[in-house]
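Below are two complexes that have subunit A in common, paired first with subunit B and then with subunit C.
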Partner chain A sequence: MSIEIANLHKRFGQHTILENLNLKVETGQLVALLGPSGSGKTTILRIIADLEQADAGTVILNGRDTTQDPLDKRRVGFVFQHYALFRHMTIFENVAFGLQVRPRAQRPSKKDISDRVRELLSLVQLDWVADRYPHQLSGGQRQRVALARALAVEPEVLLLDEPFGALDAKVRAELRRWLRKLHDDTGITSLFVTHDQEEALEVADRIAVLHQGRLEQEGTPEEVYEHPANPFVFHFLGDVNLFHGRVHQGQAELAGVSLPAPGHEGAENAPAVAFVRPHDVELSREPEPGALVAEITSIHSFGPLARVQLRDHQAGRDLEAALPLERLRALRLTLGEVVFVTPRQAKVFLDQPTEATGTWGI
Partner chain B sequence: MSRSSSSRSPGFGISLGITMAYLSLMVALPLAALGAKTFSLSWRVFWETVTSPRVLASYRISFGTAFAAAVVNALLGLLVAWVLVRYPFPGKRLVDAVIDLPFALPTAVAGIALTKLYAPEGWFGHLLPFKVAYTPLGISIALLFIGLPFVVRTLQPVLEELGTELEEAAATLGASRWQTLSRVVFPELGPALLTGFALAFARGIGEYGSVVFISGNMPMRTEITPLLIITKLEQYEYAQATAIAVVMLLISFVLLLGINLLQRRISRKVNHG
Partner chain C sequence: MSAASVREPFWVRLLLTLVALAFLAVALVAPLVAVFHQALKDGLALYFAAFQEPEAWAAIRLSLVAATVAVVLNTVFGLAAAWLLARFRFRGKGFLTTLLDIPFVVSPVVAGLIFVLLFGAQGWFGPWLDARDIRIVFALPGIILATTFVSLPFVAREILPTLQAQGTEEEEAARMLGASSWRTFWRITLPNIRWALFSGIVLCSARALGEFGAVSVVSGHIRGETNTLPLHVEILYNEYQFTAAFACASLLTLTALVTLLLKSLLEWRIRAAARRALEIPS
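And now, the complex of A and B:
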């Protein structure tokens, strides 16, 4: 079942939460709503689930306008950040709840309910906890139970609100891979909210980036990461080095660095900002034309990429470079050493922030 | 004692010591004195005193009216707490403060005010087709007034902590409003509701000041046990007075213990067992 929301508006007092929001989720996709807190992503989810009402706009599920439909007609499964399991019920009773509250005529038989619950519990790999209570499970297990409970009513759409937000890093990483696999197995159209760009990039088929109630960009993880539509998206999807400067006929001049700025051939000495990902920053001992000079202030060499913090004393700014461990070893960099820094490539945006709303323009 | 004591929380010894000493001094000692005084009676006189028809009737009235008032208070107190926690409305803080007034008001003042209202010629009394003041119903109304804050103040923090997420979860699973309340909300509130009920009930059993005015104090019909005890005291029958009190205390203790056990059974499921 596809989800389509059109021209969604939502205000809370003087505060605009959603502004003219349009989004389409195709059948069978797993889409991430990514944004910082307060960007309105959870509100979208709650409006689709009819837990909140929009001031204006429509929610179209499977081509049918369901804006006026009550919750139980929407066939929507919802997973909450803090699990929202019923504490006085066993895991079995929690998962069975959605089936047991059906009107008698539509309620499956006791045996059918039991079979269905067992099946779902083994789907989330927790069939051995059926008789326990929620407080006896770990956070990750509880969220899997919550997922099984949501799936029990055979929803056509699954909505997950920061499903792994309350879990520690290791469990998060495990669960999101597991969620991806579960989605591939069940094929249920899913929309999940997260503020963790890594989570969105790793799990989702498509990502919708939200900022202050507006959709900034929508696309595949590659699209939003490699071709961010605006400075906000670029900034939000990973660490960046920021340079202020000017663009003139396709060439950016950024305080001592000159880089090509594709797409801005028509610019005439326009103020601009350029973003350089840390892994696009080259470090060298040899002086190179157009390189910046900076002092190494710290080196973190855990994980596959080493992170080097630098201070450009001349321009008074901090830089960050990420390089493979072998490269770090080959260079034999030491703290306090002065090296040459060359941005390999940059994403350049003409500088026109609209001061009034504080949002970024393209 | 043993080495294992080091695994206890620090200060266990001294805090337990203070607790026991304080409880002995403030609760156990007066109660023991009550028992000791009662023992000055012979078994026969004791039995005759506590089983005399007038005393038995007073037990029925005291426990019956307190129970009825506590049940009503539990239900309406839940509603009040629900409204105060869930809905924003103008004057909410004021209403919230009013809840505590029965705690502060001298109970005799409450009793006189209620009697004026519910007496046959009173503001409400003359509108009602049945008698309220000077009947067991009147006693229960006084106890409703006294007991309400116990229920509301017990439930409020629990409701606040409960939040709306569980209800939303139930709703997304297709539960009706009533199913959500009966299967999700009430079971979650059970232990707190029972505590509020027990507090209101216990307070109602011992309540004296507000009841004596509205009850009319007719022996066998509207005479509560605390009043009977006062009466005995005024007749210098101290030992008989304590005998009645001891029996009342025993019944109360058994009832409250029962409620406590029931509550533990419920909350073991809900909380960490």
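And now, the complex of A and C:
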């Protein structure tokens, strides 16, 4: 079932939560709504679920306008950040609830309900906790039960509100891979909210980036990561080095660095900002044309990528470089050493006075 | 235990403890003992004889009827009011919350007088009721009204914090799974607040059974008809029937003690449930 949101508006008092929001989720896709807190992503989810009402706009499920439909007709499964398991019921009763409350004519027999619950619990690999209560389970287990409970009513759309937000890093990483696999197995159209770009990039088929109630960009993880539509998206999807400067006929001049700025060939000495990902920053002992000179202020060498913080004293700015551990070892960099820094590539945006650069600037 | 340096000297602790104990003994324990001593000092036969009186029986029955109706009404009202206050934002919410406490602060005598003023023969609705031969003051309806008024806040006050702490997520989850709002209330909301609700009902019952002032004003003291148990105690006492008076008083005291016991048991359950809910997932 596809989800289509058209011209959604939502205000709360003086505060605009959603502004003219349009989004389409194709059948069978797993889409991430990514944005900082307060960007309106949870509100979108709650409006689709009919837990909240939009001031204007429509929600179209499977080509049908459901804005006026009652809650139980929408066939939407919802997974809450804090699980929202029924605390006074066993795990079995929790998962069975959605089937038990069906009108008598549609309610499966006791045995069918029991079979279905067992089946779902083994799908989430928790068939051994059926008789326990939610408070006896760990956070990760609770969220898997919540997922099984949502799937019990065979929803056509699954909505997940920061499903792993309350879990620790390791469980989080495990669960999101597991969610991806579950989605591949069931093929149910899913929309999940997250503020964690890594989570969105790793799990989702497509990502919708939200900022202050507006959709900034929508696309595959590669598209939004490699070709961010604007400075906000670039900045939000990973660490960046920020350079201020000017663009002139396709070439960016950024306080000592000159880089090609594709797409800005027509620019005439226009003020611009350039973003350089840390892994696009090259470090070297040999002086190179157009290189910056900076002092190493710290080195973090855990994981496959080492992170080096540098201080460009001349321009008075901090830089960050990420390089493979072997390269760091080969260079034998030390703290306090002065090296040459070359940005390999940059994403250049013309300064738009409407953009409130202060809100996302480094 | 706190560190030795921040602990008060031994004599200060001893003094404070003794003051507290002495106060409790004089204000609470002594009266309790006195009630049972007076009631039982002429032997068990006379003690039980006090309850065989038809007037005593009538008073017990009336007290039970009035308290039962009041508790049922206040339970329904309390659930509705607490639900409204916990789940919705609206103008005048703070005012409504304050209004709920009026029976706590208004003297019961004043409460009784209000009903006389409204429904008495000279009252606002008096002539209208009189023309239709409906009796409220000096009859059962008045006693029920007065009892309901004084015991009104207990159920709402007890469940409101639990309902607020509970949040709405479980209810939303139930709705998303296709449960009607009626069903969600019975299967999700009510089980979650059940201990607080019981606790409110227990307190409400105790207050309703023991009410004297407001009922005294509206009852009219018709023996065997509009005398509740507390009013009956007063009459017996004024007639120097001390054993009977204290026998009936001991009955009221016993209900109070049972209330106390139930209340502490329920509080223990509420705390245990809250602890479980707060348990941090690993």
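Just so we're on the same page, the second predicted complex is superposed on the first by the 353 of 362 C-alpha atoms of A that agree within 3 Å, B and C clash if a C-alpha of one lies under 4 Å from a C-alpha of the other, contacts with A are read in each partner's own complex, and residues count from 1 in each chain.
In this section, contacts are C-beta pairs under 8 Å (C-beta built on N, C-alpha and C of every residue); 3 or more make two chains touch, one makes a residue touch a chain.
Fair warning: this is a prediction, and the values are worked out from it, not measured in the lab.
Once subunit A is used to superpose the two complexes, subunit B occupies space that clashes with subunit C.
Contacts of A:238 after superposition: neither subunit B nor subunit C is touched.
More residues of subunit A lie in touch with C than with the remaining chain of the pair subunit B and subunit C. Contacts of A:142 after superposition: subunit C is touched, whereas subunit B is not reached. After overlaying the two complexes on the shared chain, residue contacts for A:166 are found with subunit C alone; subunit B is out of touch.
Shared contact residues of subunit A with subunit B and subunit C: 49, 51, 71-72, 76-78, 80, 82, 84-88, 97-98, 101-102, 135, 149-150, 152-153.
Chain contact summary for the complex, subunit A toward subunit B: residues 49, 51, 71-72, 76-78, 80, 82, 84-88, 97-98, 101-102, 133, 135, 149-150, 152-153.
By the touch rule above, subunit B contacts subunit A in their complex via residues 165-166, 168-176, 179, 183-184, 187-188, 190, 266, 269-273.
Contact residues on subunit C toward subunit A in their complex (touch as defined above): 169-170, 172-180, 183, 187-188, 191-192, 276-277, 279, 281-282. By the touch rule above, subunit A contacts subunit C in their complex via residues 49, 51, 71-72, 76-78, 80, 82-88, 97-98, 101-102, 135, 137-140, 142, 146, 149-150, 152-153, 166-168.
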